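Right, I'll just put the structure down here and ask away after.
Order of writing sets the labels: A, B, C, D and E. Residues in every chain begin at 1.
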Amino acid sequence: MKDNMEGRKLVDQMDVKFQTRDVQVYYGDTHAIKDVNVDILDKTVTAFIGPSGCGKSTFLRSLNRMNDTIPIARVEGKILLDGEDIYDPKVDPVQLRAKVGMVFQKPNPFPKSIYDNIAYGPRIHGLARNKAELDDIVEHSLRRGALWDEVKDRLQEPGTGLSGGQQQRLCIARAVATEPEVLLMDEPCSALDPIATAQVEELIDELKQNFSVVIVTHSMQQAARVSQKTAFFHLGNLVEYGDTDQIFTNPVDPRTESYITGRIG
Amino acid sequence: MKDNMEGRKLVDQMDVKFQTRDVQVYYGDTHAIKDVNVDILDKTVTAFIGPSGCGKSTFLRSLNRMNDTIPIARVEGKILLDGEDIYDPKVDPVQLRAKVGMVFQKPNPFPKSIYDNIAYGPRIHGLARNKAELDDIVEHSLRRGALWDEVKDRLQEPGTGLSGGQQQRLCIARAVATEPEVLLMDEPCSALDPIATAQVEELIDELKQNFSVVIVTHSMQQAARVSQKTAFFHLGNLVEYGDTDQIFTNPVDPRTESYITGRIG
Amino acid sequence: MSPLWLLILILVLAIAGFAIGRTRAMASVDDHRKLHSRPNYYGTNVAMLAFAPAALLLAVWVVAQPIVINASVSHLIPETSYEDAGALNLIMSDVKRVAEGLDVAVAQGALSAEEARSIRTEFTDVRARLGEVGVALGANVDRDVLRAAQAYRARAATGTWFMTAAVLIVALAGFFFAIREARGDFRARNRVENGILTLLITAASIAILTTLGIVLSLLFNTIEFFRLYPALDFFTRLEWAPSFSGRGGASALGILPLLWGTFYISIVALLVATPIGLFAAIYLSEYASKRVRAFAKPLLEVLAGIPTIVYGLFALLTVGPLLVSVFGNGGLLGVDWMGGGRAVMTAGITMGVMLIPFVSSLSDDIINAVPQAMRDGSYGLGATQSETVRQVVLPAALPGIVGAVLLAASRAIGETMIVVLGAGAAARMSLNPFEAMTTVTAKIVSQLTGDSDFASPEALVAFALGITLFVVTLGLNVLALYIVRKYREQYE
Amino acid sequence: MTDATHGTAEPAEPRRRKASLYASDAHTRRRNAAEKRFRAYGIAAIAIGLFFLLVLLVTIVRNGTPAFTQTFVTIEVALPADKLDKSGNRDIEEMKKVSTFGYAPLVDDALAEALAQAGIETPFANAKDLRQIVSASVAAQVRDAVLADPALVGTSHEFRLLAASRVDGYMKGRVTRESVARDKNISAEHLDIVDQMIAAGLVERRFNPGFVFGADASESRPESAGIGVSMLGSFFMMLVVLALALPIGVAASIYLEEFATQNRFTDLIEVNISNLAAVPSIVFGILGLAVFIQFAHLPSSAPIVGGLVLTLMTLPTIIISTRASLKAVPPSIREAALGVGASKMQTVFHHVLPLAMPGILTGTIIGLAQALGETAPLLLIGMVGFIASNAPASFADGFLAPNSAMPAQIYEWAKRADPAYYERAWGGIIILLVFLMVMNIIAIILRRRFERRW
Amino acid sequence: AAARDQVQVAGSSTVLPYASIVAEAFGENFDFPTPVVESGGSSAGLKKFCQGVGEEQSDIANSSRKIRDAEIEACAANGVTDIIEVRIGYDGIVFASQLDGPAYTSFTQADIFNALAPKVVVNGELVDNPYTKWNEFNPDLPDAEILAFIPGTKHGTREVFEEKVIAVGCEATGALEAMIAGGMSEDDAEDACLAVRADGRSVDIDGDYTETLASIDANANAIGVFGLAFYENNTDKLKVATMAGVEPSTETISSGEYPVSRPLYFYVKKAHIGVIPGLKEYTEFFISDEIAGPDGPLAEYGLVSDPELAATQAMVANEETMQ
């Protein structure tokens, strides 16, 4: 209860979606995320960049409590969504995750048909009143995921029989279908060709009109193209966070500069 | 026997590693690869590019008969490695795969320690005489895979507990450890940051001194940087194959041009 | 040399071969990396070639030699002394017994080897001499039999000699052949793996052999049964009432009420075991802490290890009366559905309890093997754990779970003790699950272990029941396989 | 819970927008309720399972523990030479001629003597009437002692003799004075004597090693029956089962799951195996009798035959569970191994099999449990009945000499008329379960080591 | 294979207790190993016995009934021709109920028939059995629900029960006559007499007496059919019913006063005598006065000893086979 009050106090800007305070994540003894404080804005695309293994995925997963599923993972500090502490015992992680959708780094389609993969979220959240509506949602989501044309004739085939990039887009479409308020995307374009990438970036642009999007990417170009804010992680630390333009043109921290210019990894 | 003779006849250039003639791949009724004829040269890096779902992985997998593991997949046509038909019943796919290593699109570490992940190949192929040699191989491979520094203190931890990019590098290191003559890499850098990418590209460059490398990539820049030959696939067809320079500067087929300039996907 | 010693000898040869093959292969190349396979494969190849063919020959020989000798010796019996093949058979078994008896006598020192070769019925009471060493003979030994027996022994000795030679030759041939092969470019691994594959196939065909054995061991008596009892009655009659008083065909031996009881009871058992087992499995693998799981799972498995007689008594003394007090006359519900404690429900529920671990433990392992990424994908969409389990994990684990349930069903069909004590012995065709019924299996056991005339249809019917049940379950299994194939989902 | 405190009933709104995380909407509440129900089902399922287990175990233990103690009578028995060795030259062959019928009166006299010494009056004129206090086995016990040590003849020796089952039952509360009224095997007078003997310290109830280690006894002397020898029978059978069923089962599964191409033949094998699981166990007994005893001429009543039959019976269980767990290993693991040039065989043995191990071990545990508790097939191969052999003389004898098995022994005891056997049957079940646990513990520990998620 | 050195016995589980007592005493007193006595039913035992002559075949079959002609033929077909039949005594078959239950003291066969037959004679007419309580047809019997646990059709006891109780009752109550009068042939009527009602008041027990006992335990009014020996070992739980006023005991049965009993047998393969060590000795020991006599351990256990034991002893001594 006290936490809660405090939480509410912290919300001063209305367009802050996520506030994190001194977040630490441990895997057993490994300290994977150290003291991360970041405010993620609403209706904004935030990019997480940083060398492989620096903790981007870990931090991203802590934003919708996906780390709960890893037995050895432990999160400390405070993460507020709309001013509410998501690690509060009163919070139902299920509801949280419905609000904060996620696309994983490794595509993980269900061993079901393509249709059922997409329809899964809407079904459990009761987003469709009938079959026709559900069909609509599926088509719409697949279109947004830039996959519709490739799979429209094989909706009943298993999602696991798709190519790597197709699976990735399927997972994007699946996440979009539940209409989350925040979408966390872990390298959503890693297996996509430039055109598909462009389509996904378009989708991200469209989503940001109403929602908040957080994207992990290794492509500076992509970060520069789609995001308004960028956070640079290094060895578990949030080194720098600010407007994307500023980070890419005029980074404050020397490490950021080295990374962007390709000197540290 | 006859096939074999014929195969030998076809070898006119000594530096051709793979020759494929009218290769077709089917998944059940889906015709995923159509009439592909391509000569992959020794000591050369060949890049496969093309929109997602066009059949790059499928074709790559048919080069070391990994498609054998998919019950519904069927390969027709002729694929010659050093003039010998790899689909000849006399050919031992195991030996073939030891010669033709592979890095998969989705990182798939064994649920074993990092050390054992790397050491597995050398062990079964008897590449090390003793523990010290094996340690050497593991270290060397991890270094080549640009992962050594990150994992040298946790070699006994499970490979599945690594970050996405780390897993990808682990799989690269694992493939390199068996010293294959040809290395097939399916989007090896998709989850890597620029620096790690550069290191892997360096590795590829190094490998091509002695071996043949085939790499699937969605990054035109990467293809241009590392490869000498480029093959462009579209909807299961090999649209164009030639010197990388030529493909990127002066493509013959309009589809290639559209793809490279970002108009079709 | 006796087969056992021969076996040990070739085993030693194989072990030596392993070492030699390995060393030779390593020596054949300057760098062992140039070997096609790992050195151990070369060693194994030598061991395999030295051992396997020789052992196989040995096995075949040990089986075939008596048959061959039997055939050759039977010519020594004058044709006048027997009427038909059956009688010759009898005489020959006597011959063998005498021959073995002589062997035993020699081994025990009751006869010298020379004596054994030369004794004559005219001068020695062979039966008595052999009786002294504890060899049972059916009748006094006549001259021809003894002569044949002596010939039998002589030929057996020669045969054994040849066997020793042949087996050793084959072993050595394999040995040297493989040693010669142990060179760097030889594909030893492929050879060894083919050997292993052969073993695997052999193991798989044991199932076929068992089936064949079962069918054959039931078939003759079944045919005999149908000679005595009309098949049509057996398959279509709705009554099961074997009689005792030698009233011939008065027994009613219709299988249908038994089959009905079998399926009714099995279904009740599965209705108990499947949900409980499945929910237990889900809880153990998805919700329970490691601690709880490590403790609850083996405990549940104890249920599978409690002897069925305990379950039977449990059904009879606890479950039955309990059910009667609920569903019986003057029971809690005020209905009078249940006359006595013995009922389909009693047996079904008890059997269900026994089958819980079959479903729970096996399913738990399978559910646990579903990759975490599947669950993550579902949680990431805001699914609750139960939605994840029901819609993602269970479908992925379905083939294994079906296997577990089928196994439980099989067990239910094959169970006897619980049925006898819980459901009774009376065959009945009724829809009321609170009535006593019985199963095919229970009747197989009771007719086999009963007191009726063993040549009568009442006893032989057990075999016909066995084979019919076999065919029926075969059909059900084909159906199950078909269904599983249709709904199979593969992850990744 | 959360929903309870924040339970403002909002109208059900399909798309939750900007709702507080702390307050759940109706749809989520419904889902959470479903979740809780689901979880409760799980707990309930386990609770039901464990409840039944508890009930069964309590029944077993309550009925079975009395079997572990037994009532003994300790008395001096005079061993007069004129009765036991008439020739007087201590020739064993000669002494063997005196049968147990000759020894029985000695025990009667000893009893009478002991009572007299303790000052207990007997209403019986004839010492023979006292015989009903001690077991029918005591004459044999004395005789064995004398034949083992002929020097005892002519002396008095103290023996601890088994009390008769009725006396034992009296000590354990099973036999009461009312029930004795119509019992011709013992009378109230005997019980009076026993009461006084207890007071005099001649009768005591103590742990009975003979039950755990001894051999079966006939119907008329339950007090001397033990389960030890049949435990050895079970042990040797389980050796056979483990040595054959596990490797054969795993090998067959590997072939079917990893190597066999799907065709009619493998379908046939597959259907066959699941069908074998449904074959009643007694049919395996018929098979065993026909194949192993009548065709292969293995000795009947021998644990080796029992082991072979049980192996065939257990195979389907192991194969089905092994196949299911092989199937559950994700294909990406296989691809990874094949990709570095491992052969299929290596892939299976190095990667797939270890990952499938938990399921294999579960199948083995369940299969062995089933095999260990099975009676019906043993009925046909001659392992059920009165097979009071002694412990096997050698390892090979363990497989070949006639023996029974624990479940068969328990089954036999449960059928016998004397209620003392009923208690022994339950006691046997306790031992069977302990045996089972010991057998499974290794498998359970191994299974925990192999368990992992990926 | 090493020669078998112990006597191998198989067969009836009714004879098993007696055989095991004898085998045990035999093992204690002779140098021969204790015989192996398998149970498994008379049918299985005789089948094994008739499989053939030889070391791997069994020596003795215990049987709770006389060997049948068809079985003798089957034996002969397998070369088992010389069979010695040994009758060891009689098994009394008794009715008993819960100790605290109603007292069934004045049974006759007719009462049992009236209680358990599907059709009975009421007022001279053959009707579907209307009775639910014992005292409805015999006021001397208790006012208790009819419930009987009778041996299942696998048991030899059932045959005795049918012939010595039900069939007798059928005739006594006039049901047989009524059936014949109703147009049945004599054979059919005799058959029909033996049926029992199927409405759950008569329950077949395929298991053993322990199962019957457990069933009785759970049903206060029920009566069950037991062997005399079993009853005598369980007097703490069971109360025996008299039959035609006679209480069953070894004495009343051997004198023939108590009508329901059956002989028990074992069969010896003559060909094995003299070759299987101890076979003859075991056979003689079994029927010696010390063992099978009225004061021997078998009688003590509940076997009704055979008044003509001496004749059997002589027959065994001479190895007289069945013709």
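In this text, a contact is a pair of C-beta atoms (placed from the backbone, for glycine too) under 8 Å apart; a residue touches a chain by one contact, two chains touch by 3 or more.
Everything numeric here is computed off the predicted structure, so don't read it as measured data.
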Checklist entry - What shortest step count links chain B and chain E in the network of chain contacts? => result 2
Checklist outcome for this item: Neighbours of chain C that also touch chain A are B, D
Checklist outcome for this item: Chain with Cα centroid nearest the overall Cα mean is chain C
Item to check | Centre-of-Cα separation between chain C and chain B, whole angstrom | outcome: 49
Item to check | Mean-CA-position distance for chain D and chain B (Å) | outcome: 59
Checklist entry - How many angstrom between the C-alpha centroids of chain D and chain C? => result 21
Next on the checklist: Give the residues of chain B touching no fewer than two other chains, as numbers and ranges.
Outcome noted: 94-95, 106, 124-125
Item to check | Junction residues of chain C, two or more chains touched | outcome: 189-190, 313, 372, 384, 387, 448-449, 490-492
Checklist entry - Which residues of chain D are in contact with two or more other chains? => result 31-32, 35, 331-332, 343-344, 355, 379-380, 414, 454
Checklist entry - Got a list of which chains touch which? => result A-B, A-C, A-D, B-C, B-D, C-D, C-E, D-E
Item to check | Interface residues, chain C side, partner chain D - complex | outcome: 189-190, 193, 196-197, 199-208, 210-211, 213-214, 216-218, 275-280, 282-284, 286-288, 294, 296, 298-311, 313-314, 318, 353, 356-358, 360-362, 364-366, 368-372, 384-387, 389-390, 397, 399-400, 403-404, 406-407, 409-411, 413-417, 440-441, 444-445, 448-449, 463, 466, 469-470, 473-474, 476-478, 480-481, 490-492
Next on the checklist: Which residues of chain E touch chain D once you look at their complex with the stated criterion?
Outcome noted: 1, 4, 6, 8, 10, 13, 16-21, 23-25, 27-29, 31, 33-34, 36-40, 44, 51, 56, 58, 208-210, 227, 229-230, 232-237, 290, 297, 300-302
Next on the checklist: Show me the residue ranges of chain A that touch chain D in the complex, using the header's touch definition.
Outcome noted: 4, 81-82, 84, 86, 88, 90-92, 94-96, 98-99, 124-127, 129, 179, 181
Item to check | Complex contact set, residues of chain C against chain B | outcome: 32-33, 35-39, 187, 189-190
Checklist entry - Okay, in this complex, where on chain C does chain A touch? => result 372-384, 387, 391-392, 395-396, 489-492
